[in-house]
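Note that the chains take the letters A, B, C and D in the order they are written out, and that residue 1 is the start of every chain.
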Amino acid sequence: MKKIKMFALSVLLVCTGLLGTACKGSDNSSKTAEAAGTSKASGIDKKGQKVGLILSGSISDKSWNYTAYQGLQLIEKEGAEVFYQENVAISDCADSIRTYAEAGMNLIYISSDSYQDVVAENASNYPDVTFIIINGTEQGTNYYSVQISDEEQGFLLGVIAAYASDAKKAGFVGGMEITPIINGNKGFEQGVKYVNPEIEIDSAMTGDFLDVTAAKEQTVAFADAGVDVVVPMADDASIGVIEGAQASGIYSVGTGDGQKGKGPDTMLTAVNKDTSVAYLASYKQFLDGKLSGDSIPKYGAKEGVVYLGEWLPASDQILSDDDKEKIADVFKKLESKEISVSIDQS
Amino acid sequence: MELLNSVIMTVLRMATPILLAGLGLVVSERAGILNIGTEGVMLTGALFGAIGSWAGKSIWIGVLCAVVGSVAVNLIIAFFSITLKADQTVVGTAINILAGGLTVTVNRSVFGIGTDNADIPLFQKIEIPVIKNIPIIGAIFSNQTILVYIALISVPIVSAVLYKTNVGLKIRSVGENPRACDTLGISVDRVRYSTMFFSGIMSGLAGIYISLSQMSSFTEGMVAGRGFIAVAAVVFGNYTPRGVFIAALVFGMADSLKYRMQASSYHVPYQFWLMVPYIITIFALCLYRKNSNKPACSAKPYIR
Amino acid sequence: MEFLQMNHISKQFGNVTANKDVTLSIKKGEIHALLGENGAGKSTLMNILYGMYRQTEGEIYLDGKKLNLSSPQKAISNGIGMVHQHFMLIPAQSVIENVVLGLKDNKTVLDLKSAAAKLKKLAETFHMEINPWEKVSNLSIGEQQRVEILKALFRGARLLILDEPTAVLTPQEAEALFDVLRKLKIEGCTIIFISHKLKEIMAVCDACTVLRKGETIKTIWVKDIVDTRELAELMVGKTVELTIKKEKTEVGKPVLILQNVSYQNKKKVQVLKDISFQVHEGEILGVCGVDGNGQSELIHCITGIKQASKGIIMINGTDTTREKSRKIMSRGVAHIPEDRQKYGIVQEMSIKENMILMSYLHKPLSRFGFLQSKNIENYTKRICDEFEIKAQNTDEKIMNLSGGNQQKVVVGRELSRNPKLLIAVHPDRGLDIGAAKYIQREIINTKKKGGGVLLVSSELDELMDLTDRIMVIYHGQIIETVSTEKTSLKELGELMMGIKNNVEEKNA
Amino acid sequence: MKNGKNKTLYDPLFSLIYAALSVIAALIIAGLVMKIMGYRPLNSYRYLLQGSFGSINSLCETAVKTTPLILTAVAFSTAFKSGMINLGATGQLYMGAICTTLIATNFDQLPRGIHITISLLAGIAAGALFGYLVGLLKSVFGASELITTIMLNYVAAYLVSFLVTGPMKDTKGSNSNPQSCQILESAKLPLFVPGSRLNIGFLIALLVIVLYFLFFWHTSLGYGIRVIGLNENTGKYAGISKNLNQGIAMAISGGLAGLAGAIEILGVQTRLTQAFAGDLGFEGIAAALLGSNSPIGILFSSLLFGAMSSGAGTMEMLAKVPNAFISVIQGLIILFIIGRNLPAGKIKEVLIKKHVIKEEEAIGIIE
């Protein structure tokens, strides 16, 4: 009798799993099939390129690693065969590079500057492979860096926050203290000060890019401390900030349009950062042989990596059309490089 | 005043999953099962809840799936530790490893990898008409999701069941002296299986609370050690529902302190706040030596 | 018509026969004693009646109805209650919770209050005082026993089995229990009283069935008993033929001296009181007594497992009262412990590993902290040969050996250390005659080599065969030391049952 | 008591066959799950094999991953032999890593051999102290090691997190990730195969297995600990102190976990980072259980798990199966191994029933 019960339950368990899988079913299987298959790309150059991507986090983080993954998918559409590995520890990066190199990759993307030392050390072992380090600061014979202007995103976030803050207190919730977040934070501070130097800025790191709850509670704590506009920069956990702002009735500016569902009444807009653009652009440069070690390209507002999202209903409560225009103006100035955001000062 | 409300609300929110799972664990631990695998069970509940709610387009289907999933995993643990008399620690460890991997894989194949959160029906906050208008209490206790209320109401209920009912007496006795129960015609295994069934339900609710009430979707590894904390809360709470309630509040408090301290200008590194509950648990464990309610036959398979 | 009729009951455990064609008949409202030595099969018989074991053969009738007792529940529902020697209580719970636990007619929500009222009433009927709300762990042993009895009565027991109920009681508590039993009898309850204390049987029972070696010897009415010695003889049986020749040896200086040793256990019960004696070289001193009269504690105090709370223990002229057991063992003391499965060996280890348990720290088995496998192998082989231990090889797990061979490993291990003092507790319990006799010979050999032996046994035959002097322990006191030559089984039987010297009166 | 069936069940050869069957069964079931999820199991397993044994480099990687597993597995087994269940390998490993890093990032005047030795010893000592603390909590306060070890894991993990974001943070590096400074060249473990990451840590781990064997089967101290673990009562009878021996075993256990942390830092990570150990502690437990706490068993099971985690990367990179799937396989393997009790449990039940009867008989006899 017991056994029958157990059996029935395990069947149920499996069924529930299957139910979910089935719902996704077709979509999923076609994805893998496609990946293995070839594409109908135009140029001969484009065919048969093998591109690998080494990620520091999970591609389901709906942020940094996800847009990197999207970039990879764009590259795939260009006719390349693509591969990726998630959650690669720094200590394992060398091994991943080796595996990809041995598997015949032509180009390997490194998604974070934390692997920079490893790449610099190992790149020379694989002269046939090209490496691109996102947010890197170093270049070599076969490795190049591409920077994302996190500071421009932060700046824009800061500008919006400054216009939206009545209490003259703006909050910044970061994930961990790593380069993109630190740069973003610097940009944010400059953005706020650009509008109004008197606004007080509270910054906090939750110490985790995955712990959504932590981000949410941090935001609530900010609200209690008198902050009335908050911005996230915490990958996966950013959602928590939007939710926290919604829960405590303060405004938020998102970092992705996808977050708006979490803050229907309080999210003003989003300052998107779509790194996939940078991936695709650098891939094209790679194909054309235009990657150069002379200077490190920086992808920001001008290149379409950082862009302003649509104004959400909540924005009408606090921002006048005039404010919005000013914000749009700032964005234009960023695009035209009229305003440049510095990351040197601390 | 507002600050106090907000702090208490944070504490409640953080305490709820620990309380829910902990109340289930009190019952099964009283019957003599030490369930280290709760972490994995909660993860399963969190994922299955999200899947169910999304696929069934109703939060209640989500709740059902979360409960079914968690109960199933808990019964696997029960099967190994009760019927096969395996070491409960080992079973729990295996389940944690297994669930950790399986939830990631299932999550991806179901929800895919995208920014667009699948449209998952969530728990709605409930306003309680009368309480709503009471000054402080209203702010705290009204306007929470249903699971918070279930967790709070469960404290006296589980307490009553354990201490006032026939079933509760059997449960407590089975953990203390299974042989004596056997001579009185109580099926030790059946009682233990039932407690694991119940604890599965509670862990499932705790799981779906994390994914769809605290948050609004499933993310990988989102239980983040709360299962272990629930196990610790039971020890800390000296194996009583009321104790677990207090323990869950303390854990919630430590969590909320961490955020407050970062938001204020005190700079005790937040890691130390995070350590506090664990250290308190160790102290509690040391102090309870004499007056512990720990079942005499905890974590020991009963062999007739 | 008999109330309970057990016909031709046999029970076999593997190749051990615990009960052989036992017949027991008990009238309604009778207190019936079941008398027998240890291992006579009393407990097995009662466990069959309570549904814990199934009999191999035989039938049970209660009130004329044939019973099929496949489980304790069946027995309970037929009105059979049992108070186990080791109480089946849950110490962490209250009395009333223990009483209602598992009752068939319990409501979902327990009504402990009315149950408590009912219990109180029930208790009053039998002049028992009990607080239903007290935690069991706070009760004395006597009170706990009362709870057990009430638990059975609460379930409507008409036949109550008490397994050695007085073994754990103080004399006063025992007296109180007897009052309860008499009262129960008046109320129409039938009681089976397992004991080997004649005095108690004379005091409270109506009839008595004597079991010996798993068989029924005789059932007699207590009022027909003229002399309790008669009963003792029935129980002990005729002396087994002596196969061991006792040789006179020179008695030398004392190897073990105890002076006024007392011991209090954790529950503050005085288990040993002012014990003084000496064991000399070339002498075997027997300790005779019903189990549970303080023998274990006495041995534990001497071997350092427990610490005496008062008095002095000297071994070979050194004061070892406060020494740890490892130190004491290294002073030429060997110890054959009472329960070899529990204390003497490590089941999962090999013969070799069990053999070195006491000497693994010493040369030549260990050098600089490293075990010397070659020396160990030779050592083990030597002992195996010497003590006729039958095993395929020395790496065999000891759990695969027969009980006799296991005990030989223990005995071999201890005796091969050439002890000056050997402490042996029930060394041949549970062994077949061959192995038992072998071990007895080895003990004699130790004495011949000039060692002193302290032999604890509850088997009188063994003591008569082996010892030079016998010391009788009763309620934690030595009540008499007799010369083996000058005593008889009868006298010993009376002494150990506290008949000859009335200790209780002496105490008072 | 003599039971032929029972004997074969614990026969080493039988154990080996049973373990192999468990692995195969787990792989088959995991393969089915993979199939359901839309991956290609055979293809994936091919890459798994290729990634763990396909080339010299993969072999080296496998050895690198095996090293900490062996150490944490032996750590678990050592405590287990004394009757303690040490779930705290993770915490002890972190403590070891912290102290090793402290030594290895300073003292640049030290000659290489000495610097390495001291760094390793620091790791061992820190782990041992942390392990001994658990033993102490148990013997003095009776606090169950099951809970205290889990709690201390968190304490240690947060301590690492605090240190690498605060006092020990590398402020000079090219990026501002929370991590310590890189260890000095003089403290890096020498490479065993040039060009790979295989360092002498692997040899140390192998040596530890040998020492583990020697300790428990050829030294007096190890023997005493085993007696306590197998039968406390017999230990008491023979005058072997339970508290002392369990404390020693926990210290050794913690020391080994600390050594695992030290080797990871000195040979692989080269700096302290948050959560660098991941699930190493629990995987070590799994390896110990899979190898039924025997030296050879631990070696093989650690190799198996090491191969899996080294192959997992390749499987993910080239067959696109999420890394997490390896956990599924591992979990299943452990469950199948425990499933061994299915037949054994039945037999044991019968045996113990007999034993219980004997005991009750004995009780009947005693009083």
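The rule is short, and it goes like this: contacts are C-beta pairs under 8 Å (C-beta built on N, C-alpha and C of every residue); 3 or more make two chains touch, one makes a residue touch a chain.
Since the structure is predicted, the reported quantities are computational estimates derived from the model, not experimental observations.
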**Q.** Result of counting contacting C-beta pairs for C-D and A-D, higher pair
**A.** C-D
**Q.** Remotest chain, subunit C as reference, centres from CA atoms
**A.** A
Q) Just curious, how far off is subunit D from subunit A if you go by their C-alpha centres, in Å? A) 36
Q. If you average the CA atoms of subunit C and of subunit D, how many Å lie between those two points?
A. 45
Q | Averaged-CA centre spacing for the pair subunit B and subunit A, given as whole angstrom | A | 33
Q | subunit B and subunit C: spacing of chain centres that average the CA atoms, whole Å | A | 48
Q: Would you give the residues of subunit C that are in contact with at least 2 other chains, written as numbers and ranges?
A: 52
Q.
If a residue has to touch 2 or more other chains to count, which residues of subunit D qualify?
A. 37-38, 161, 165, 322
Q: Pull out every residue in subunit A that's touching 2 or more other chains.
A: 17, 21, 28, 207
Q: Would you mind giving me the full set of chain pairs in touch?
A: A-B, A-D, B-C, B-D, C-D
Q: Note which residues of subunit B are touching subunit D in the complex, please.
A: 34, 36, 76, 80, 83-87, 89-91, 93-102, 104-106, 108-109, 220, 225, 228, 231-232, 235, 269, 271-272, 274-275, 278-279, 281-282, 285-287, 289, 299, 303-304
Q: Can you check the complex and tell me which residues of subunit D touch subunit A?
A: 36-40, 51, 55, 57, 61, 161, 165, 174-178, 197, 264, 268-270, 273, 276, 278, 310, 313-314, 316-318, 320, 322-323
Q. In their shared complex, at which residues does subunit C touch subunit D?
A. 13-14, 18, 38-39, 42-44, 47, 52-53, 85-86, 163-164, 167-168, 291-292, 303-305, 324-329, 335, 337, 339, 341-349, 353, 356-358, 360-361, 366, 369-371, 373, 399-403, 429-430
Q | Contact footprint of subunit B on subunit D as seen in their complex | A | 33, 37-38, 85, 87, 137, 140-144, 146-148, 150-152, 154-155, 158-159, 161-162, 165-166, 279, 282-283, 285-286, 289, 322, 324-332, 334-335, 338-339, 341-342, 345, 348-349, 352-353, 356
Q: Would you pull the subunit C residues touching subunit B in the complex into a rising list?
A: 52, 71-73, 76, 84, 88-93, 97, 100-102, 106-110
